[in-house]
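Letters A, B, C and D name the chains as they come in the text, with residue numbers starting at 1 for each one.
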Amino acid sequence: MIVVMKKGATPQQIQHMIERVEALGLKSHPIYGTERTVIAAIGEKRDEHRQSLESGPGVAEVVPILAPYKVASREVKPEPTVVRAGSLTVGNCNLGMIAGPCSVENQEQTISTARAVKAAGATALRGGAFKPRTSPYSFQGLKEEGLKILADAREETGLAVVTEVMAATDVALVGRYADVLQVGARNMQNYRLLEEVGKEGKAVLLKRGPSATMDELLLAAEYVLNAGNPNVMLCERDIRTFESHVRFSLTLSSVPYLHERTHLPVVVDPSHGTGHTNLVTRMAAAAVAAGADGLMIEVHPDPETALSDGYQSLNFKQFEELMQLCRKVADAVGKKIA
Amino acid sequence: MIVVMKKGATPQQIQHMIERVEALGLKSHPIYGTERTVIAAIGEKRDEHRQSLESGPGVAEVVPILAPYKVASREVKPEPTVVRAGSLTVGNCNLGMIAGPCSVENQEQTISTARAVKAAGATALRGGAFKPRTSPYSFQGLKEEGLKILADAREETGLAVVTEVMAATDVALVGRYADVLQVGARNMQNYRLLEEVGKEGKAVLLKRGPSATMDELLLAAEYVLNAGNPNVMLCERDIRTFESHVRFSLTLSSVPYLHERTHLPVVVDPSHGTGHTNLVTRMAAAAVAAGADGLMIEVHPDPETALSDGYQSLNFKQFEELMQLCRKVADAVGKKIA
Amino acid sequence: MIVVMKKGATPQQIQHMIERVEALGLKSHPIYGTERTVIAAIGEKRDEHRQSLESGPGVAEVVPILAPYKVASREVKPEPTVVRAGSLTVGNCNLGMIAGPCSVENQEQTISTARAVKAAGATALRGGAFKPRTSPYSFQGLKEEGLKILADAREETGLAVVTEVMAATDVALVGRYADVLQVGARNMQNYRLLEEVGKEGKAVLLKRGPSATMDELLLAAEYVLNAGNPNVMLCERDIRTFESHVRFSLTLSSVPYLHERTHLPVVVDPSHGTGHTNLVTRMAAAAVAAGADGLMIEVHPDPETALSDGYQSLNFKQFEELMQLCRKVADAVGKKIA
Amino acid sequence: MIVVMKKGATPQQIQHMIERVEALGLKSHPIYGTERTVIAAIGEKRDEHRQSLESGPGVAEVVPILAPYKVASREVKPEPTVVRAGSLTVGNCNLGMIAGPCSVENQEQTISTARAVKAAGATALRGGAFKPRTSPYSFQGLKEEGLKILADAREETGLAVVTEVMAATDVALVGRYADVLQVGARNMQNYRLLEEVGKEGKAVLLKRGPSATMDELLLAAEYVLNAGNPNVMLCERDIRTFESHVRFSLTLSSVPYLHERTHLPVVVDPSHGTGHTNLVTRMAAAAVAAGADGLMIEVHPDPETALSDGYQSLNFKQFEELMQLCRKVADAVGKKIA
C-alpha cells in the first residue's frame, strides 16, 4: 500500500509513519516528491486493518495496491472455472440457461413451467421455496413442501434445481433437494451462511448485493472458496441507483471486468436486473453479448396472478422468444447453450 | 392502489383489469381521463404481490398509495416510542450517546475506553465481539470472550452494552451479555435474525443497509415488532453513492422523514456514515440538529493501531470535544443527554 | 394527476384541494378509500408547476400520471425516426458506427484515424475540437483549427463529421463544418444551447447527463424538437453510481425502455460508458444486442500518448476487432451497419 | 502519480513505462514489491491527460496523488475567504441567510416576500428571473422584468440580490441588477459561463451539480478563480441517489470536507436538498451545525400556488420558525448571522 502524507507533514510525522509501517512487518520505502511525501509499504499482506494507518499524524490517505481477494483471483488460477451441476454447465464457452418461477406456488404451476422452459431450451430450473420478502406480510414460500415440488419437477424433466437458501441452519435441508444453492442478494454478506454453503459442497450461485462493489462480491465468494467449495458462480443481479424507470440498474460491464479478475463464471439475472417484463429479453441478449456464462430468468404460466414478482416474469411464449434471440447472440459471440 | 392503463388500452383490457382488481377482494373505481384511464382499487390491503397486476394487458404501471408497513407507522401510534435499556434512554427529548470501540480487542482497551467515554458523558458502551468483516482474512472478533469483556466494562462503569449479533443462532448467547442487540447494516434483511431478536425481548438497534429505502428499513423493523418486541431503535448509518470523499454518504433528511412516518426513535452513526475521523464530530452535531434521538460513535485509545475501523475512530480527546459540541447543539434544539 | 391526502385529512382540507384542482382548469374526481382519500385530476395538461399542490393542507403527495414530454413521445409518432447525415444513417434497422479520437490533436492523428476507422467499417467520424474539460489546466481543444481538420478528414474519407458544440454562440461556427452537432453530457440541460441547435437544423446527438433520468433526457430532446429540429439522436453515455471499477456505469436497459417511449433513435457510447479500454468491445456488443441504433467509439493511433481519454480509447487493431464482433451481433439481432 | 503495473508485467514493459514517465518531464521512481511493481512519478504537474498512461502495456492502473485544483486549495491560502456583497457576508464566523421565492412571479409576491424574510432575519434575497426548467412547457421566468423587480425589492429592503444567470451572453445584463451571480446546478460545468462570471467581478454562488464530485466542484470554482474573480461561494445543493423519499439527497459531510480542502465558503440549500417543505427546517439546522457558512431557502407567500417549487417552499411563518431554530444552533456552534 501507499501511505500519502499531507503537504507540510513534518519529518517527525514521516519518521513515525515509517516506523508504523515497519512495525507491521512491511518494508517501508519513502519517496520525497516536490509537494508531498509518500511511503510505499512493500511485502504487503492483504489485511484491511492496515488502513487504520490513515489515523496516523500527518497522513492524508492510504491507497491499497493489491486486490484484497486471493483464491478467487485470476492471477492465482488463470484458466476459467467451469461449474457443473446435473443438467447445468456454466463457464468457459458454456452458457447455462436457468429459468423458472420466482416462487414455487404449487405442483401444477411448477411442473408446467419446468416443462415449458425445458422445451424452450433451458438447462436448469429455478424456483424459490424459502422466500426472503421485504415485507412480513408477503408470501414467504412453501418451504420444504416447495423443495419437494422442485425435486418432482427435476424427476419429471431432468433439469437441475437452483433454489435459494436463506439461513445457515437450512443448508442441510435445502442441500438434500437442490443441485445448486443460491445465496440471495440480501444475504451476500451473511457470512455464516457463506461459510455453511462453503462446507456443504453443492454448487453455489452467489448473487451480488445491490450496493456491493466488485471487491465485496469477490470477497464474499472468497468466504465460500475458503471453506473448501470451489464450485461458485457469481451472479450479477443489478445495483441500486437513482434510475426510476427500472427497479434496479443492470450494469453489464461487471461481466468483462470480472472475467479479467476472476476465474469464476458470471451469471446474469435480467429479471431482477430490470424489474419489468418488457425489458428482460433485450437485456438477456445484451448479457450474452457482454460475455455472460449463464442467465437466470423468471418465467410464470400467468404472471398477472403470480404470488411474487409477476411484474418481471415472462410467460411461456415470451421465454421462447428470449431463447431464440439469445441462441443467435450466443452463436455470434462463440458461446453454446449446453 | 392505482392501476394506470396505457394510452390506447382497449375497453376489453380495461374491463379485464377491473375484474382482476375485484377478484383480489377490492372495490374498483375506474376514472376515464382525457388521455388515459386509471382504475383506483379501494379497500387495499398492504400486500405487495398485487403489483403483479402490472403484467396485465394494457397496463402501464401500478402506483401503490398506502405505506407498506403498519405497526411501525405513526398513524397507528402517534406518540413517540422511548426505548430504555439500562443506562440508555433514547427517544422523545432523550438523546442517547452510545460510544466505544469498533471491536473489543482486549480487556484493557475496552475498559479504558468505557471509562473515558463515560467520563465524557456517554450513556452506553458499544463494542463488537462478533464482527462481520468484508474479508475472511480480517479480524473476526473475540466472540464470547469479547462479550464477557463488555459485561466487565458494564460492571465497572454502569454503562449499558450495545453489541452486534450476526446470526439467529447467536441471539440467545449475545442476549445473555448485552443490553441492546445490534443488527448490522449487512443483516438488515436477514429475516431469520430479525424474527429471532424479535422473540428475544432485549432492545434492538436496527441499522439501515447502505442501499435500503425508508420503506425497506421500516419493513425490516416490522419483522421485529411483529415478533412481539416493541423496543426497536432505527439507526441511520449511511447510503452508498458515487461520492468518493467519504466511505458512505450520510443523508440526514431521513431523520425528520422517519419522525413523521414512525414512532420509533432514530439513532445516527456518523462514524460509519462518513468513514473519516475528521468528519465525525461535525456530522454528529448535524445529526443532533436534524433531530436524532441518539448517536453511535466509534472511540479507540489509539485509532492508529485499531484492529478495525481506525480510520473513522476518535481518540478520547476528540470524543470529549464531540460531546461538548453536541451538548450545546442538543440544548439549542431542546434535547437532553440523559 | 392523483392528489393523495393524508390519513386523517379533514373534509375541509379535502374540499379545499378539490377547489384548487378545479381552479387549475381540471375536473376533480375524489375517491374515498378505506384509509385515505385521493383526488384524481382529469384533463391534465403536462405542466409541472401543478406539483405545487403538494403544499396544500392535508396533502400527502401528488402522483403524476402522464409523461411530461409530448413531441418526443411514441404515442404521438409510433414509427421510429431515422436520422441521416451524410454517410451516417441511424435508426430503425440501421446501425450507425461513429468512431474517432476524443480530441482532434493534429492533422496527421485525425486523418490517419479517419482512414483506419473507415477501413474497419465505421460510418461516421467523431472528434472534439471544442473540449469541455473538468479542469481548466487540461487541453481545451484546437477549436476552429480542429473543425477544419475534421472537414479535411471528411473530404479524404467521405465520413460524416460528428463534433461537440459547447455554447449557443458557437452553433453557427460549428454548424459550418459539422454534419452532426453533439451536445455533451455536461450540457444536456443547457437550455440556450438546446434551443440554438434546435434552430440550426443540422442533426443533433444529445448525450444523457450522468444523473439525468429518462424523463429529463426526453424533455431536453423536447427543447430541440420544439425549436423545429426533428433530427435528434439520443445518446446513452452512462450514469454516475457507487461503482468504482468503471468510471461510469453503463445501464443499457435505457435502450429498450427508450424504444418503447420515444420514436427517436438511441446511440450508445461504451467508451465513456465504461472508461476503460478493456471493457469497451464487450459493452459495444452488448449495446448492439440491447437494440442500440448506433455506437460511438473513441479510437486513437496511440492511446498511451493521447491528449485526452487515452485510458478508454481503442487503437486501430482493437477497433477492427470491435467491428468484427459487433457485425456478428448486429446480424443476430437483425440490424445492419449501413 | 503512481503507475501500478500488473502482476507479471515484463521488465520490458516496466522499462517502457519508466521512459514514458520521464518523457512527460517527471522523475520516475520504480519500487519492486513482492507481488507488483509500481512506478512513482515525481515532479507531477496537475494535468489529467497523464492518466492516459493507463493505456500503457502491462499497466494495471494510474493513481493520482495530488489534488487537481490549485487556487481553490487550502494549501495555497490557509485563511478562510469571506465573501461580501451588499448586505450579505458569508464565511469564517459569518452565517449568511439568503431567502426568497424560487421564481420572481410579480412585484407584489417578490416585495412582500423580501419584507417578510428581512423581518425574520434574512441577510439577502434570492429570486429567479431566468429559470432553467426541465420542461420547455414550464414557466421560464420573467427575465429582465424579473431582474427589475428584484432591484426594486433591494431598494425597498436593503437586501442584497442573489439571482441565477443561465448563459454567458446574459452575464452583463444580470450583473447590472444582481449583487451575487448564481450559477445553477445544471450549469456547474458550463465552462463558458464560468469564465464569463469570472471576468464580471460580481460575487458568484456556484451550485454543485447533482452528480458532481468534490474535485469537479472545486475545478469548476477554479475556472472562475482563474478568470480573476476571488469572490466565489460554493453551494452544496444535493446529490442524486436511489433515495425516493426525498427529491435529492443532502449529504452534509461535504461541508466539513470542503472546509479542510478549500478556503472558499460553503452555502447549503436545504430546499432543493430535500425537495419537501416539511424537511427543510431540520436540514437547515443540521447544515448550520455541520459548519455551513450560509443557507439558501425558498420562501413564498402561498407555496400552494407558486409557479415553481411550491412543494419545497416555506411560507412566512415557517421561515420565521426556521430562523429561530437556526439562530440557536448558530450560537451553539459559534457562528453569527450577520
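Heads up, the rule we're going with is that a residue touches a chain if its C-beta (ideal position, glycine included) is under 8 Å from a C-beta of that chain, and two chains touch if they have at least 3 such contacts.
Computed from a prediction, not measured in an experiment: that's the story for all the values here.
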If each step moves to a chain the current one touches, what is the fewest number of steps from chain A to chain D? 1
Per the definition at the top, count C-beta pairs in contact and tell me whether B-D or B-C has more. B-D
By Cα centroid distance, the chain farthest from chain D is A
Go ahead and note the Å separation of the Cα centroids belonging to chain B and chain D. 30
Measuring from the mean C-alpha position of chain A to the mean C-alpha position of chain B, what distance in angstrom results? 25
Whole-angstrom distance, CA centroid of chain B to CA centroid of chain C, is 38
Could you pull out the residues of chain A that touch at least 2 other chains? 211, 239-242, 244
Of all residues in chain A, those that touch chain D in their complex: 2, 4, 7-8, 29, 31-36, 38, 40, 42-44, 63, 65-66, 75, 240-242, 244
Chain B contact footprint on chain A (complex, rising order): 20, 46-49, 51-56, 62, 68-70, 132-139, 166-169, 186-187, 189-192, 209-211, 215-216, 219, 222-223, 226, 239-240, 276-277, 303-311, 313
Would you mind writing out the residues of chain D in touch with chain B in their complex? 211, 213-214, 239, 241-246, 249-257, 260, 273-274, 278-279, 282-283, 285-291, 325, 328-329, 331-333
